[in-house]
Structures are given as structure tokens and as C-alpha cells.
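Shared chain: chain A. Partners: chain B in the first complex, chain C in the second.
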Partner chain A sequence: MNENLFASFAAPSMMGLPIVVLIVMFPSILFPTPSRLINNRLISIQQWLIQLTSKQMLAIHNQKGRTWALMLMSLILFIGSTNLLGLLPHSFTPTTQLSMNLGMAIPLWAGTVITGFRYKTKASLAHFLPQGTPLPLIPMLVIIETISLFIQPMALAVRLTANITAGHLLIHLIGGATLALINISVTTAFITFIILILLTILEFAVALIQAYVFTLLVSLYLHDNT
Partner chain B sequence: SDGAPGPGHWDADAAAGGLVDLAVPGGAFSGRRAPCLKNPVLGPGVLQAIRIFHTRQPSLAPIPCVPEYGGKVCLGLIPKEFFQFLYPKTGVRGPYVLGTGLILYSLSKEIYVITAETFSAISTIGLLIYVVKKYGASIGEFADKLSEQKIAQLEEVKQASIQQIQDAIDTEKSQQALVQKRHYLFDVQRNNIAMALELTYRERLHRVYREVKNRLDYHISVQNMMRRKEQEHMINWVEKHVVQSISAQQEKETIAKCIAGLKLLAKKAPSQPVL
Partner chain C sequence: MASPVPVKEKKLMEVKLGELPGWILMQDFTPKGIAGAFQRGYYRYYNKYINVKKGGFAGISMVLAAYVLFNYCHSYKELKHERLRKYH
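Moving on, here comes the complex of A and B:
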């Protein structure tokens, strides 16, 4: 029996060695490299998916923004695969750790902002003031826009962490409820089990959606700044 | 060296040259390919050390085929080779009994504890199995279709190229056949020209004939006119002279004779009424 509800979120270590690095690197094994012209089914589907996603995601960017294509595609693949792998029983999801999400969000966001300030300084500074604000409100609005700018990386990281963690916790709790209800009344346990199944379906969707949302937002910040 | 040796002959020059390359300190790798090995102290040592690498040709071809079907598995997880492995000792049901025994053992000894995670595992794995069973085949077909589309595209390019070349060959053949039949064209043209020449010749001939006939007709008509004029002139001359030769007395006698004759006639036909 786990000590508390949050034991499954502790960074895994085996005999004192942090194997979280191995866990983070594991999903890359699941994406084989295409080595021939006509590949097996897995690689064909993977190629098709990546082509679909990249076309859709990079359509809004100009030449400069498209240099980020590799970054964005790796991002969505990594977050999607780690989230989905975390749904397996007794697995550890790296994206539940705020440290890792901050480590992904802050450099990417900072990259977009610095790119914007470096190449289009005036346009980037103009983002601080929405069009058509009345004159007396300008100082306050600049402060508010600055705060909203600096909250972007925090929001990115915390959104991902909170969603995945909350989903895992809910699954855990409802599983525990099912387990406890089996001794009391089997039908209620069965209903709870149905709820668990629905929740699992939701979690699969959430895993993919969160990956998409993360990457999309980074892409939007990039679009603003290129 | 003097060109490639014949088949089955060992190219001594090339071999010696190759070996000579290696014998010189840093020989094969000096200069262009590995300037760092030009160091005369360390070069030979490194060279001999890495001689064990790159001894074979890199195996790029023939590449092994992609197997058409995956390995056979039982329960989606355990390869059939395991069942084959246990078959001589335990028979057909051996692996299943082993699996069931292991699961029950781990459950009863609480090596595997039933927790909340168990239920989430049941729901997740159950969901996955359901999705794979229901949509697995169609996703496989979709992947095959993707590959087929790629192959069809390339095949189409190949076929189009072949078709193009075939068309070029056919065009060339037909052109050659046409060249064989070209003499017909020349014959027709030659006939045309000959006919035109003939026509022109005959036309000119006809014109000449007409012109000559014109001249001759002219002369004939001139002759005819002269003859007619002479004839008229002669008749006039004869008449004039005859009239001149009739004297006055002869004239009176002739007129009296005519009158007597007329009176006689009048007597002979008196009963004729005058109409």
C-alpha cells in the first residue's frame, strides 16, 4: 500500500540512483528512424502523423518562425508520449514534475521574447499596449501587460503540471474508491469502475490535448515575435 | 602503371602502392584526409592502433528485407518461441499453467498488492485492448495504404518514363518507315513537273500553229480578194464593151422584133381575164 497519495509522484530512484533521466529518455526509443523509402507500419504512421501535425502547426509562421519547426515538433512528440506513457499502471510521468515543465517552458518562452526584442524591437514593445486604449489608462495597462507577459512561462508550466497531476490523482482516488466499495456494495463499486473507465478515456484525451496546447502556445508566442 | 591487369591477375602495382601508402608514417592518411596524423612521433602508433577498424566494406547492400509479418505472439505479449521452448517438457498447457501459477502466487503472497492502482491498471489496459482489437486492423490497412500510395507514385513515374521512351521508339520507327516511302513523294512531284512542262510545250505549240495559220489565212484571203476583184473587173469590162458594141440600128430592130412578138402573144391569149 502506498504511504500516501503522492508517493507515485516522487522522483523514482533505484538503489539511490536517480533513474528519472532514463525515464525521460525512454520515449525516444518508441519513435524509430525511417531508414528506407518504404518502411514498416509504425514508421509509416509516425511519418504521416508528424507530417500532418507539422503542416498544420507551421502554416501560420513566416520563414523565420519556421526555423523553429524541429523544436516544436520535438516538443509535441515528447510531451504527448510522456503523458500517454504515464497512463500505464505503475509508471512515472516526468511532466508531473513542475521542475521539468518549468525547464521546458521558461527557455522556450524566453527564446521567443528575446527573438522578438532583438529583431523587431518596436513591434515587441508595442505589444505592451493594446490598440485603442484611452489615454488615462495607458500607465496601468502597460503594467498589466508586463505582468501578463511574465506570467506566460509560469502559466505554461503550471498548466501542464496541474492538468496531468490532477488527472493522475483522480484516477488514483477513484480507483481507491472502487477498491473500498467492493467490500461494501458491489454494484456501487461497479458504477465507480465505469466512472474510472470514462475518466481514463478523458485522460488519454487530456494527455494529447495538453501536449498540443503547450506547443500551440509556444508557437503563438513565436508568431507574435517573428 | 599500364592500365588494369587482366582478370585473375593480381595487380601487384596497386597492391604494392597501397601497402607502400601504409608503410610510410602516416602515409595513407597524411595531408588531405587526416592532417592531425602528420605528427611523426604519434602518427604511426595511431595508425597501427586504428588498423583494426574499417577492415570490411560497410554493409550497405544488399540490405536485409523488412519482414512482412511480425513474430507470432500469444496473448499479444509472449512470443510463440517460448511455448515451443516449454513444449517438450510440459506439453501444450505448460506455459499457461506457469503463468496462472505465477499470478496466483504473487497475489496470495502479496508480492503484487491490490491497490487503487490495480483498478486503474484494469481500466487502462482493458481500454487499450479494446481499442487495439477493434481498430487495429483498420489502422494497419491505413499504414499499408500510405506505403502503397508512395510506391504507386514512384511506379507511375517509372511507367511514365518507360511510356515516353516507348513512344519515342515508335515515333522513330515510323519516321524510318516514312523515309523508306519517300520515293513515292518524289515520283509524284516529278510527274507533276513533267506534266506541267508537257502542258506548257503543247500550249506553245498550239499557239505557234495558230499564228502560222493566221499568217497563211491572211495570204489566202488576200489572194481571194484579188481574184474576185479581177473577176468583177473583167465582167464589167465585158459588159461595157458589149453594150458599147450594140449600134443604134441594131437596137431599133431588136425593139421592133420584141413588140411584134408581144402582139402575137396578145392575140394568142385573148380570153385570159385580167385579174
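Moving on, here comes the complex of A and C:
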């Protein structure tokens, strides 16, 4: 039982070849390139969704922040599609691997911080000290703000990993429990119902992407525009 | 086996059974050839099921079903221990 539970999170490799690369690239097939003014239904739906999301997301940025539009939109598309594909049976979700999430979080966060320091050095340094702090508290507060700054990328990565992994694990566990309880009929229906609710809630993995990009976005906003 | 059209250029359905090994060997196995095969296959599927005026859900659901099947085949080795058998 122990080995089975975590076997689905191992990176898939066929005869030593890492096919995880293929699985990471698979969601891109589901987003075809629009080639005309009016496209087929799939592309039209995707264009409408992207327009909706990007208007929502870029509303609070100024001119400089809006140069990040492509990056943010591709980020939310990638994480959203990868998480949703992971809900299919037997599939492997790349975002359960901490390595990948760290690889996404650290460069993006570092980009926002460095941009802030390059263009608005005084304002970025001023973030370390909230307004109106009493004088004796200043050294400690600067240390605390520095720690909270450096924990931002770690929090981004670990949040995504932990949420998706925990959701998948719960589905495995509860599904296994349901199968084992089939011989005892009263509880079976109830637990199956719990699985259904849990899966629906897990479909709000999309909400998690919203959280990811939103957090990133807030950080970008604070660094660039204040 | 003298056919007026050379064996290499015939499509698969027109190749006679005896010519099949020769046909397979004469296919283009260079990287460019394999990439071309994937590209042709992709656009055949895309233009038939998705790039139409009234495409439905079936277009992408076939792709997703194939993806599920691929992952099932890949993890069969671990899954076969969970069958309901008396002796594993």
C-alpha cells in the first residue's frame, strides 16, 4: 500500500528515457494557433477566455507592468491546463514535482525584485520598513521584512506543490477506501459521495492557478509601480 | 510484381501484401521524414475534427481518451498488482 500510493508521483520514464518531457509538452497541443480572423470553436472559446482573464489581470498594472502580459497569461494557461489534465485517470501531473515549481517560482520572483531594484531603488528599499514604526523596533522589523521577502518564492512553489499533491493523494486514498468498503454496503454510498465532492473541489485546482498568478502579480505590482 | 507505379510512392492501402516489407523498408526514416509523418498525421486529425465550422466535444475528447490510454499502458506494470485475483 505504501509503495503503491506514491508510485504515481514518480517521474515516468520508458526504458530509461524521460518521457516526462513529452507529458510536459502535451498541453500545448490542446491550444492551437489561431490563423484566421474567425476561427473554429475550440480556438474561439480559448481566445474569449484568454481575453477575459487578461483584462481582469492586467487592469491594475501601469504601462511598465503590462509588458509582462504574455508571461503572466502563458503562466496561467500552462499551470491551469497541466493541473486539469492531471485530474484524468492514471495521468502524471508535472506540477506535483517541487523541482518544477521552484523552477517556475524563483526566476519569476527574482525578475520582479530585480526590476524593482533597478528602476526604483529607493522605493524598493523602502519596502523593508512599514510606515510609522516606533524607532526601537526598526532593526528587528527590517530583518523580519527581509525574511518575508526571501520566503516569497519558496511559498509560491511549495504552495502549488503541496496543494496538488495533497489533492491527488486524497483522491487515491478515498477511492481505495470506497473499493474496500463495497462489501459493507451502508457506508459505501456515503463515501462515494465524498469522493464526488472532493473531486469537484479539486477541480478548483484552477482556482489554485488563479492564486499562483495572482500572488505573482501582486508581487510584481508592489515592486514595479509603488 | 511489375507495377507501373514505383512501390515507394504508393499509399499504404494501395500496396499489395507481398510488397509490404519492401514498402516499409523504403519509407523515410530520417528525422526529417519522421517529423513530416507526425506533422501530416497531426494536420489530418486537426482538419477533420477540430478545424471545422461546428466542431463538437468529440474532437478533443478523443485526444484526451488517447492520453488516458497511453498513461494506463505505461503504468500497467504497477497496476496489475491491484487486480482482484487470489494469487498475484
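By definition in this document, the second predicted complex is superposed on the first by the 183 of 226 C-alpha atoms of A that agree within 3 Å, B and C clash if a C-alpha of one lies under 4 Å from a C-alpha of the other, contacts with A are read in each partner's own complex, and residues count from 1 in each chain.
In this section, a contact is a pair of C-beta atoms (placed from the backbone, for glycine too) under 8 Å apart; a residue touches a chain by one contact, two chains touch by 3 or more.
What you are looking at is a predicted structure, and each value in this text was computed from that prediction instead of being measured.
Visitor: Check whether A:L88 is in contact with chain B, with chain C, with both or with neither, and answer first, second, both or neither.
Guide: Both: A:L88 reaches chain B and chain C.
Visitor: Let me test your reading of the model: by the given contact rule, A:T200 touches which partner, first (chain B), second (chain C), both or neither?
Guide: First partner only.
Visitor: So, A:A123: does it touch chain B (first), chain C (second), both, or neither?
Guide: A:A123 contacts neither chain B nor chain C.
Visitor: Applying the touch criterion given at the start, work out whether A:L70 contacts chain B, chain C, both or neither, answering first, second, both or neither.
Guide: The answer is neither, since A:L70 touches no partner chain.
Visitor: Check the residue A:F26 against both partner chains and state whether it touches chain B (first), chain C (second), both, or neither.
Guide: second
Visitor: Count the residues of chain A touched by chain B and by chain C, then name the partner with the higher count.
Guide: Counting contacted residues of chain A, the larger count belongs to B.
Visitor: On the A-aligned overlay, A:I60 touches which partner chain: chain B = first, chain C = second, or both, or neither?
Guide: Touch partners of A:I60: none, neither chain B nor chain C.
Visitor: Determine, under the contact definition given at the top, whether A:A166 touches first (chain B), second (chain C), both, or neither.
Guide: neither
Visitor: Can A:T178 be said to touch chain B (first), chain C (second), both, or neither?
Guide: So A:T178 only meets chain B here.
Visitor: When the two structures are overlaid on chain A, which partner does A:N40 contact: first (chain B), second (chain C), both, or neither?
Guide: Both partners.
Visitor: Residue overlap on chain A between the chain B contact set and the chain C contact set?
Guide: 8, 40-42, 88-90
Visitor: Taking the touch rule as given, give the residues of chain C at its contact with chain A in the complex, in rising order.
Guide: 42, 46, 50-55, 59-60, 63-64, 67-68, 71-72, 74-75, 78-79, 81-82
Visitor: Within the complex, which stretch of chain A touches chain C?
Guide: Counting only chain A, the residues touching chain C are 4, 7-8, 12, 14, 19, 26, 29-30, 32, 40-42, 85, 88-92.
Visitor: So in the complex, which bits of chain B are touching chain A?
Guide: Interface residues on the chain B side: 63, 66, 113-121, 123-127, 139-140, 142-144, 146-147, 150-151, 154.
Visitor: What residues on chain A touch chain B, complex-wise?
Guide: The contact residues of chain A facing chain B are 1-2, 8, 36-42, 44-45, 47-48, 87-90, 171-179, 193, 196-197, 199-201, 204.
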